[in-house]
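Below you'll find the structure I mean.
Think of it as A, B, C and D in the order they're written, each chain with its own count starting at 1.
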Amino acid sequence: MRTGQTHLFIPGPTNVPESVRQAMNVPMQDMRAPDFGDLTLGLFKDLKSVLRTKTGKVMLFPGSGTGAWEAAITNTLNPGDKVLMSRFGQFSSLWVEMAQRLGLDVEVVDVPWGAGVPVKEYARRLGADAKDEIKAVFVTHNETATGVTSDVAAVRRAMDDCFHDALLFVDGVSSVASIDFRMDDWGVDLAVTGSQKGLMLPAGLGILGVSEKALEAARGAKMRRAYFEFDDMLKLNADGYFPYTPPTQLFHGLRKSLDRIQHEGLDNVIARHHRLGEAVRRGIAAWGMDLVAEHYTLYSDTVSAVRVPQGVDARDVLRIAYEEYNASFGSGLARLAGKVFRIGHLGDLNEGMCLTSLSLAEMALARAGARIELGSGVGAAQDWLLLQHMDAPDLCVAAE
Amino acid sequence: MRTGQTHLFIPGPTNVPESVRQAMNVPMQDMRAPDFGDLTLGLFKDLKSVLRTKTGKVMLFPGSGTGAWEAAITNTLNPGDKVLMSRFGQFSSLWVEMAQRLGLDVEVVDVPWGAGVPVKEYARRLGADAKDEIKAVFVTHNETATGVTSDVAAVRRAMDDCFHDALLFVDGVSSVASIDFRMDDWGVDLAVTGSQKGLMLPAGLGILGVSEKALEAARGAKMRRAYFEFDDMLKLNADGYFPYTPPTQLFHGLRKSLDRIQHEGLDNVIARHHRLGEAVRRGIAAWGMDLVAEHYTLYSDTVSAVRVPQGVDARDVLRIAYEEYNASFGSGLARLAGKVFRIGHLGDLNEGMCLTSLSLAEMALARAGARIELGSGVGAAQDWLLLQHMDAPDLCVAAE
Amino acid sequence: MRTGQTHLFIPGPTNVPESVRQAMNVPMQDMRAPDFGDLTLGLFKDLKSVLRTKTGKVMLFPGSGTGAWEAAITNTLNPGDKVLMSRFGQFSSLWVEMAQRLGLDVEVVDVPWGAGVPVKEYARRLGADAKDEIKAVFVTHNETATGVTSDVAAVRRAMDDCFHDALLFVDGVSSVASIDFRMDDWGVDLAVTGSQKGLMLPAGLGILGVSEKALEAARGAKMRRAYFEFDDMLKLNADGYFPYTPPTQLFHGLRKSLDRIQHEGLDNVIARHHRLGEAVRRGIAAWGMDLVAEHYTLYSDTVSAVRVPQGVDARDVLRIAYEEYNASFGSGLARLAGKVFRIGHLGDLNEGMCLTSLSLAEMALARAGARIELGSGVGAAQDWLLLQHMDAPDLCVAAE
Amino acid sequence: MRTGQTHLFIPGPTNVPESVRQAMNVPMQDMRAPDFGDLTLGLFKDLKSVLRTKTGKVMLFPGSGTGAWEAAITNTLNPGDKVLMSRFGQFSSLWVEMAQRLGLDVEVVDVPWGAGVPVKEYARRLGADAKDEIKAVFVTHNETATGVTSDVAAVRRAMDDCFHDALLFVDGVSSVASIDFRMDDWGVDLAVTGSQKGLMLPAGLGILGVSEKALEAARGAKMRRAYFEFDDMLKLNADGYFPYTPPTQLFHGLRKSLDRIQHEGLDNVIARHHRLGEAVRRGIAAWGMDLVAEHYTLYSDTVSAVRVPQGVDARDVLRIAYEEYNASFGSGLARLAGKVFRIGHLGDLNEGMCLTSLSLAEMALARAGARIELGSGVGAAQDWLLLQHMDAPDLCVAAE
């Protein structure tokens, strides 16, 4: 029988803070009540702050981030439109597959899993696209399967450098509210996220930031859609209502999680993710193991994908952690299965939880056959965390 | 300031039983854990019992019933397919609109709001469709806007009588698990429902029953779709997993609500809805007010749409109930706005709640200007309910 | 199987508001943490407002109201002290029994159940007590067993009129935070209450208001005590701590319930109890049944004890309500068993709940054999409640 | 702002399991309902199993363990009775103080804090008590302030060896349901515990096991008592009721926690506490720090009191852990303040939580000025825990 806290170190759904959990423990209510907007209108407003957009709109689709992917595509593009995408992990691959299913003409750039969005290749293709045939450029900001954060700003610069007019789609599912994300500054037109990552809620909401330019595009877009129709949403959202029954309990949770983010300060949230993510990475390095991410500039502050040593099956690590230690790590997906396990370090997190992710990973690795000095990862992470309290900014930089 | 229990008499989301609410108060978990199927596989199985299908499949889409409508259409039909639909309320109208948006050639039969599905007209058109051009027939089993339950079995007979091969789509959102619904017996191919009605959960799941014939049709269907793709669902559902992060907390709630339904017995659940629905109707009749439903054979056991007297604005009734008595009734939708308010009587309900719906409606009606004998509706409902305990089946029938 | 809301109409524990319930759903915490006082010190302060005392102290004993009775006695009196008490119901009788057990010399005045504290007889005995041998006078402010509210101010006047120096003990368990209670104005020295009535929490806290005079008396009191020792409490409470592990989850709930009371306004809370209590009484009167309370000046605004007609067993009413209608009424206690059932109307209550109490009582009464016009009580209560919204203060007074 | 899980490593209240927390999230109910015994009678029965008594009675007093101390004394002893007690920590000292307050003639044996109950001295005094003047012998089974577990069986043997007839009182507050406790085998007459330790509930219940011999003694006991009266309890408990309003939500939680204990198996619960307690001790040893417990035979499997190095203030460790790492450790009490911090390792616990207690203690110790190799304690604990999975019982013994 399992005893004690469940240790959840998957990269989503993330741990729900107690106050958010309290807030969701509500009886049902009338989603057509006259004061329903008192709850919902503030959510739209504060989500805009989280996406760092002043001019965009935010929509909340009952569903998942995958649904928000589809909403973004079907409302702003036309069948047969050429779009530029790249694959470097499971989630960027799935987005490509969706775009193809929905009838887009996808120009795919394949790069190694562990690399990020190929900015130079994007720049080359956009520069060569004299007739502006590419209608949209897609970026997976944080590839959850490989623990790679790509440079969205650089993609924007590449687009601007050749005065390209395509829409910029960004999957921020595992970056928004955890890693720096700037919808307006980066000129993101469609920003996709979900409730179950940095927003610290259960799954159930696909969240979309839509720029004015994207809304303009939506006016003429002819792709078939119904459930995900922007117009229905926007019309009813104006007064805080929805075109179909929304999951009101999640709205109450979202209210509280947005309050928490505001209270901590978005910049502090991001800094905390960096501090804790780096602690986990220090631990992994102390084990002598590699990340999937190819270069330190690509390291994700929300998830680390760890390559297990030769002869160790990562699936054993996962199984032992789950069965013996009541701990869930992320599995290696698709081609990484068996070779990789992932440590999620995002959402409602603190030092103790990060150290536990390392101490339990050490136990599971050791039992799965890895040669590992017990406590070594924890110690390295502790070193880093203690260093953060010292008044030595130069040291910190050097250490990195 | 509002004090006391919130009285929720809308036709969904319905009141969540305490045990279901307890069950949903869980921390997050890994939806890829090896034992995740222990939770989910039983849900599919037991939902089949609720839909009364042995041969069909059940799918759970994160989203709403509207999403399940779309899943049903996009997976089994082709663009331009002719379909037979009817409009007699807000929800049947919205389904028509969705079918049109998705590119179907919709043959619409408009009947008065208050009538049900036009079986004879359906029979006529199906009989005339010598070339089997009609690919699907749509029925809104329970029109939530008007409180009308239609005869699905009669539509099936009409189809069979002319050996028509179309698929039968049924919207059972506000009937499944409350009113008799028989997927296999009635030859329903696509049965749509949601979590927030008879299943006594928050909104967040679109639920679909799919017959073998519909699965066959799905194999060749060419409508664009991605999020709602059957294949992805079926492949992963086989082991209890999902193609994207599902709302696990709702699954825990669903487990408990299915347990409750099994424990009470589905037939008893349906009988209870009839007993309590009739109690509400007796009360309304005692006020001297009419239902929107045109004939007693159409009366819905889950929702009653009440026409307020001349000179009374139903919106006032709703507002007064909400602001003064912490009670939510359903509003009159679209053309019924101001003329009608609705009393939901479905889900986790008992005698006391029904009597309260009447006593508070009486208060709100009186304050909105209706001439009404206070207590009269309650008394009539009580009479009916007491009668149910007597050993006089003949009397009951006569009384009805 | 029971379905639907549980209808709780006992005079405590009362219905817990949703927001209070949310607030109590917390993980455990360290009751010696440096910031623990941030939670607890405000509770003492705000409870003083609820007791309407500026100069007294408030203590929170893990236990029940009965424990607070004992704390009051053992800390301020000496073995063999003569005290003046009266019995007119189950709870006043139990307090007498406790005083006797604890070794006091109890001078008991027995009055009929249905009467209140015998002010004149108290005055007579106090006047005759030339040597101030009576050390304390006890008043059960609201006798929960009979639904009788006594006049504490009159007892104080009687004491003052003869310049008597005894301590004044008041049991306010079912009156505080519901019925006007004025610790300072009435010169109450020991005010006893509990968490599970007007404070809308689960049982678990015995709450005591202690005047400066009582604290003075406590300094020399020689009765044996340990768990309930004032000194331990006061010393640790000064910084917000407790001499033994307190139920912190209740403190979180209490914080929220005190916020609610402040938000509604204590005067409004009291007025609401009167309005809703009178509604219930109008309903009972319409049935033609009597209250146990002998005179309208004694009617309690928190609980009504209803005498059932000859030939009806009140225990059947209770059983039917519980088994058939998921409703709990209070039973007739001790000599009232079988003759009386009680309707609690206190705490987190509104119009709908009061009407439900009447409609379900009507059902249960009818089935238990009472001749009763169904709906009559509900209608009478509705009449009264509607009248409250009219601009006719004279009418209201007349009606009462 | 604090983020992430709160890390609670105090020796009570302990972490409440999710399933227990769910179970307590209930609306209020009637504690006089006819089926109330369905809930409560099983609790008495299963608590007897936890105390390992077949012939005793169990009582549940709303209050704390301190209240149960008082109930035990006041119901079975007489004023002026001579009793034999010992002091070796804060809680054994408080029990002595209570006995003195309640008027017992306490023969106190003082031993160093860090030692356990002085069995030989007890034996000597009991042997010398030719006239059986000692009416009761008191043992604090697990002294929570020092992390010392005493040998109750040895005390029983000492009593039996001289045929002494005194009652045996045992404080099992921090041992019951965690450390081997055998009421019948050890001839314990009054076994005291509380809800907030091994039973994994919030504080709020003082729990008492009472032997037949103690019940016999209670029949003649003349100490004043009321709230804690056995007779009232036993009379009403017989049918599952209580003499005053009990905290029903805790009963629901207790039902679930007893189910958990049964499901895991009490022997396994105890073995788990030993395994995890030893892991923590290995970690502490690796730091080079000492426990307060003087000898390994006294080590407590529920709490370890750690002496911090010279020059370090244990209060800083506690403060840093609390403020910086959202972690609560137990403070050094009374004479141990500043010199000691305590790690609670009892209740709903697993490997990850123990390792977290060590990793966070390391951080706090380092920041408070202790020279400590980061990760060393974690590593030593991991070593021990891994060893437990190997098939080498001899090794384990040797290691200990």
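Everything that follows uses one rule, which is that contacts are C-beta pairs under 8 Å (C-beta built on N, C-alpha and C of every residue); 3 or more make two chains touch, one makes a residue touch a chain.
Here the structure is a predicted model, which is why all the values come from computation and not from measurement.
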**Labels of chains that are neighbours to chain B and to chain C** = A, D
**Request:** Decide which interface, B-D or C-D, involves more C-beta pairs in contact, and give its chain pair.
**Result:** C-D
**Fill in**
Greatest centre-to-centre gap (Cα means) from chain B is with chain D
**Prompt:** Between chain C and chain D, what is the separation of their C-alpha centroids in Å?
**Reply:** 36
**Request:** Find the geometric centre of each of chain A and chain C from their Cα atoms only, then give the gap between the two centres in Å, rounded to an integer.
**Result:** 54
**Prompt:** Distance from the CA centroid of chain B to that of chain D, rounded to the nearest Å?
**Reply:** 54
**Request:** Indicate the residues of chain A shared as contacts by at least two other chains.
**Result:** 6, 15, 18, 21, 25, 27
**Request:** Using the touch rule from the top, collect the residues of chain A that touch chain B in their complex.
**Result:** 6, 8, 10, 12-16, 21, 25, 27-34, 61-67, 69-70, 79, 97-98, 101-103, 194, 196, 202-204, 223-229, 243-250, 319, 322, 328, 330-331
**Request:** Within their complex, state which residues of chain B touch chain C.
**Result:** 1-7, 15, 17-18, 25, 260, 263-264, 268, 272, 324-327, 348-353, 355-356, 359-360, 362-363, 366-367, 373-380, 382-383, 385-386, 389
**Asked** Given the complex with chain B, which residues does chain D contribute to the contact?
**Response** 18, 21-23, 25-27
